[in-house]
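Shared chain: chain A. Partners: chain B in the first complex, chain C in the second.
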Partner chain A sequence: MSDDVPEGTPPAGGPPEEDAGSTAYVPRRVTTGGSTTGSTTLKAAPPGGQGRRKPRAGRHNSALERRFARMGWIFTAPALVVVLAVTLFPIAFSVAMSLSNVTVSSGGFQLSGVTTDNYSLLLGSARWQHALVFTVLYTVGTVVAELVLGTMIALVLERLSGSRGWMMALLLLPWAMITVVSAQLWAYMYNGIYGVLTALSNGLTGEPRQFLGTPGPAILSMAVADVWKTTPFVAIIVLAGLMMLPTDVVEAARVDGAGSWTAFWRVRLPLLRPALTIAVLFRILQAFGIFDLPFVLTGGGPGDATESLALLGWQVMFTNLDFGPGAAVAASTAALVLVGCLVFLRAFRARVGDEETTA
Partner chain B sequence: MTPVPRLKVRFTWVHAAALLIAAFVAAPLYWMAASSFKPQNEIGANPPTVWPDSGTWSNYRDAFVTNNFGTYLLNSAIVSITATILVLGLSTFAGYALARLPLRGKAPVMISLLMISLFPTIALAAPLFLLMRELGWLNSYQGLVLVYAALNVPFAVWILRNFFLGIPKEMEEVAWVDGASPLRTVLSVILPQAAPGVFTAAIFTFTACWTEFLIALTLNTADSYRTMPVGLALFGSQFTVPYGTIFAAATVSVLPIALLVLVFRRAVVSGLTAGAVKG
Partner chain C sequence: MFCVITVLLATACGGSGGGSAAVEPRAVGPAKGSLTWYAINFGPEGFPQKLIDAFEAKHPGISVTYQPAPNNTDTMRATLTTEISGGSNAIDVYSGDLVWPAQFGDASLAMPLDAHLPDDFWDRFPEERSRTAEFDGEHLAAPLYGDAGFLYYRKDLLEKHDLPVPKTWEEVAETAAKLQDAGDVRYGYVGQWANYEGLTVNWTEMSAAAGGRTVSADGERPEIDSDANARVLGFMRGMIEDGVAPSATTSFQEPQSLQTFIEGDAAFHRNWAHGWGESNNPETSHVVGKVGMSPLPAFEGEEGPGPSASGGWNLMVNPHSDAVGASLAFIEWMTGPEAQRMLAENAVLPVLKEVLHDEDLQKDNPALAAAADVPVVSRPSDTPRYPQVSHGVYTNLNGALAGSVTPRDALEAASDEIRRALNGRAL
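Entry: the complex of A and B
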């Protein structure tokens, strides 16, 4: 099991590391096979590496190497400490909270005992079951729609020559907008009395339509608002992937008599898989944690039709102040996200780590 | 069939499709900007007016003079800019170390960073609320800055590491031969060359902080510490939503991001694709 991330720059052309005295740069690939520092942690960096040079068979320069390694950990430590303190510790605490009886009083906050009550409460709750089904179906539906639309948009933009830059700038605007803003905007446009979309649909079909008033249309309307904001993200990633494709492969397919339709399905789409995988992965994660849009657009309603897992968790915790069950919602949501991503990656047989680290 | 008419057909088809896409993306944005100039009675007009009949700045006055959107905007700016600076400081060194220095255990570090950065923030909300309450950092700048920094360091490290890998090694090697320490190497050799990468990371972090809602809603509920998203979400009562005021504030909140994105389009696009293809 190698700990090394494959380096992007190939070691070709580097000077051979023979002279321990003069080669004062880091070896490109550190493979100290029998090293005892396998579990180097932040604090366990070898002390005084500079002075004590331990000659190792076939390896020179190890003191310098260790000095650089120590420097590396010093460089990395602050970032890791901040990330761990603010994410890993809370995640662990969330799990602990979900597994105990939580009592909130004016004096403070107490965890007692180990129990699975919070989770059994969850499993038996129709509201949670509904939120789970809604979140899963909503995620699948919007991500598929965004993927299809995003790919179509990318294909159109690829054929544009002059105005592509401007189109991309325009596409970036919804993506960079505050989600709360777009939610307020769509809420206004969907408004049953003076919304522009209500007026338009009234003019087209001749009958008044309430977009957010009944469960089915409300879910669909929310999905449209979501697709508007996030499809551009998918389109831009796919477009970047398209522009990176080797043109000779497509040319070869053309020469072999493939039409542009066949060339797309048989040649280009398979080659696009890494780009599509990344786009879908990011979108699944975001969509599954959706909170801002239903919070503002529908408040989870009508009834609890558009209540996502994140919205349910937040309301249980901060509106009802039921921290135990709320933590169970939150922790199970996080676990489901991880499982979902692993399943997706397995299904696509994509190795994201490899693609990402080989820059 | 000759190729010429086929080309012609495709040409118009592409342009029609592009126009349709542009209209779908731009129409809601136009509606927001236009509505921000409509007086109260025109906001609620049925049928709605496409162009403001009697354009007015009163919504902007209402948002920033009568109401507290100026404060929310300032809070958002303080938190986002501070967090961005912090993230860049932390991630530049971490990204450099992960790209160049001989660390054991790089792969686990990178993969756990990625996993953490993808975690749904709802799982963090309650523990962070309790933590900040213990620290007395509810309704403060530092609490939100710390959380935003931690949430955005992973992606910034990814972007910067990928960028550093693309910089030729020769200059660093010269610096090392000359006896420069890694710290000095980063500051005087790497940073000047990595400016575009640092910039991309900065835009991403700033945008993420500027738009974040869930954590801000959880930690900073006091009116004087609300950020723009929280202020926009909680404005108005249960029965009336003053859309004119909201859209005036919203339009102002979109402007800095729009400028960033329009001016630095390339940096944003390269950051978006940093995960899938090289930056």
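Entry: the complex of A and C
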């Protein structure tokens, strides 16, 4: 982002600094001027983290407390065992599968030896590389589009008063619809001969456009269907964030001479970060594992153009019955999305923490 | 942590070795009790249950439960794999796609049948059809019903312009262009050229009609990158470029191409045998009574007619079944004359030779008559790696049909991918 100071911005060290003592929400220019990531952000992170952890350090002092804690563990143990069995075991099993030679026999799965063959097969496969690039770019593209659109919609919704409930209900329809169903609806609209959109493009350009027949338009068409469906979700979360913002900060900014644009960019948007973080996190998790949309809409085609990692993993596992490589696709996808989310969280959390501690 | 689990699992499962061993023959048990048949519905609504009722009337000691499978081959395969590889005996007999035996045999998902059925059992089927149920010299499946590709055409339009039914693909394109130019129909030809198994089917037929192959006869190496195949792929792409085939065909599976044809928007259409009933169904079709069907064309200079890809489904037995005896009785009856006759009467193509060639039945059923004599070509499904081979075919050809790569480059890329698939190095 730019380092220019927009018109109407109060000079650094001006009035907001004084107010900052009373409210923890007023951001400082240094942190909100744009994505000045890197050193400032990372340095600021540890104090924030430690600050939160401190109060817990001195717990369980008395013997009584320790006993209660032990009892607590005992009582939760059965539930924990179930949770471990249904979450950790399948993950561990698929990681184990991805690291060994898997054969299926009448006795079930047989894992033998420890090998990295499945992963080297993956890394050497143009199909996997393509799926990876596609999934990453698709995730980034759709999440950014949804974030921008969702925030815009939320800003509009916030201003509505009486009709907000109705608008929200309307808006949530796409989100409420099962993806397989909405994907099928989009498939009808994109149909190369009878589709509404095909007819529309024929009317506009004099030539029926093929939405799903060639790689570029197919990816775009799929992204449009995705954005259509999930923007409401982002909008609702951002709206919730907006409603919780204290109005006095914006008023204070106005008093200081900030225009509405500046007030949004410099005051409200930074304060919205926690809400945006949650929205983006959820969306990354979902978009990275996208399966139903390409499954219904394109089958991964044309060629391999819209084959996501999840679709690839499913095909390798259940169409090719290659369980080792299939598990490797699944495990590596999970690892990638985990790392992606952690990196994102770190960057975003650090900035939030930064504001809280330094303001 | 993971290593510990790996070791535990490895030891618990008895370690390595013997992974590819066939399922051992087992005691068959009596031909009575109850069994579950897992299948995608076929024929008219409720037809599997009718077959079961007829079977139970003949075998009072056996009761059969029909469990409907998801109406998608890949989803069904995924379900079966999870069930059977997990050791479940909830399913005893299941319907399996024609191209599954090698893969299922390799993964021990089906019980070899030869030890339990008389040697002459297999004589009741056409030889090629029976061969496709084999893997490693053993039958893993018994054919249940068949299918074949046909050329459907607009009889009324050909008559109107006094044109003959085309015998070659070149004639199909020329005739189609004439009908389009006359303004009688929007598109000339529609098939299934989307990015999926159906394109491999369409390709296998057209390639064979020009004398081409996808995989060598011994199944060892790709032969897709040949002059004959370049001619075919160039022809297919040319159909799209000339507007004979709509560019949307590259995203057409059976339902979309069929819809285009029964809406009256295409002059020629390749589809399976059910295309006949569908295009003459007054509730959905706009071309009732205006449709003819013929064997597929050959390419010019090749002997006609072109072969049909063989399709259809088999019956397979879950190796964990507790009702093998009853399952074998069920298979015996389902592939016998009574059941096969019921199939033929319900617009499903039988696989029993005597019913397939029954002239009385053929009189009322043009699809049956056409299917009985049509030459057949099989997809290269005798390797457990067939899904990857097919993927190499359809993704690359679909790209060429959509115009993103040249036909020659696509065939070369397909050849590479098939080679890797056959060597077990494809994802």
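FYI, the second predicted complex is superposed on the first by the 265 of 359 C-alpha atoms of A that agree within 3 Å, B and C clash if a C-alpha of one lies under 4 Å from a C-alpha of the other, contacts with A are read in each partner's own complex, and residues count from 1 in each chain.
As a convention for this text, contacts are C-beta pairs under 8 Å (C-beta built on N, C-alpha and C of every residue); 3 or more make two chains touch, one makes a residue touch a chain.
None of these values were measured; they are calculated from a predicted model.
Contacts of A:Trp128 after superposition on the shared chain: chain C is touched, whereas chain B is not.
Look at A:Ile193: by the touch rule set out above, it reaches both chain B and chain C. Of the two partner chains placed by superposition, A:Gly150 touches none, neither chain B nor chain C.
Look at A:Thr214: by the touch rule set out above, it reaches chain C but stays clear of chain B.
Applying the stated contact rule after C-alpha superposition, one finds that A:Pro294 touches neither chain B nor chain C. In the superposed model, A:Trp73 makes contact with chain B only, not with chain C.
Once the two complexes are laid over each other on the shared chain, residue contacts for A:Ser112 go to chain C alone; chain B is not touched. The larger set of touched chain A residues comes from B, when the choice is between chain B and chain C. Shared-chain residue A:Thr103: touches chain C; no touch with chain B.
Legend: residue contacts after superposition of the two complexes on their common chain; A:Leu173 is shown touching chain B, with no touch to chain C.
Once the two complexes are overlaid on chain A, the chain A residues touched by chain B in the first and by chain C in the second are 93, 109, 193-194, 314, 317-318, 329.
Across the complex, chain A meets chain C through its residues 92-93, 95-96, 99-101, 103-114, 121-122, 125, 127-128, 191-194, 198, 208, 210, 212-215, 298-304, 312, 314-322, 325, 329.
The touching residues of chain A, counted against chain B in their complex, run 2-5, 7-9, 22, 24-27, 30, 35, 37-38, 40, 65, 68-69, 71-73, 75-76, 78-80, 82-83, 85-91, 93-94, 97, 109, 153, 156-157, 159-160, 163, 165, 167-174, 176-189, 193-196, 199, 203, 228, 232-233, 236-237, 240-241, 244, 274-275, 277-279, 281-282, 285, 288-289, 291-292, 295-296, 309-310, 313-314, 317-318, 323, 326-327, 329-331, 333-334, 337-338, 341, 352-353, 355-357, 359.
The part of chain B that touches chain A in the complex is made up of residues 10, 14-15, 17-18, 21-22, 24-26, 28-29, 31-32, 35, 43-48, 90-91, 93-94, 96-98, 100-111, 113-116, 118-131, 146-147, 149-151, 153-154, 157-158, 161-162, 165-166, 169, 172-173, 176-177, 179, 181-183, 186, 207, 210-211, 213-214, 218, 228-230, 232-233, 241, 243, 246-247, 250, 253-254, 257-258, 260-262, 265, 268-269, 272-273, 275-279.
Those residues of chain C lying in contact with chain A across their complex are 1-3, 5-6, 9-10, 13-21, 23-24, 74, 77-78, 81, 85-87, 103, 106-109, 187, 194-196, 246-252, 256, 259-260, 263, 265, 319-320, 384-385, 387-388, 391, 395-396, 398-399, 402-404, 425-427.
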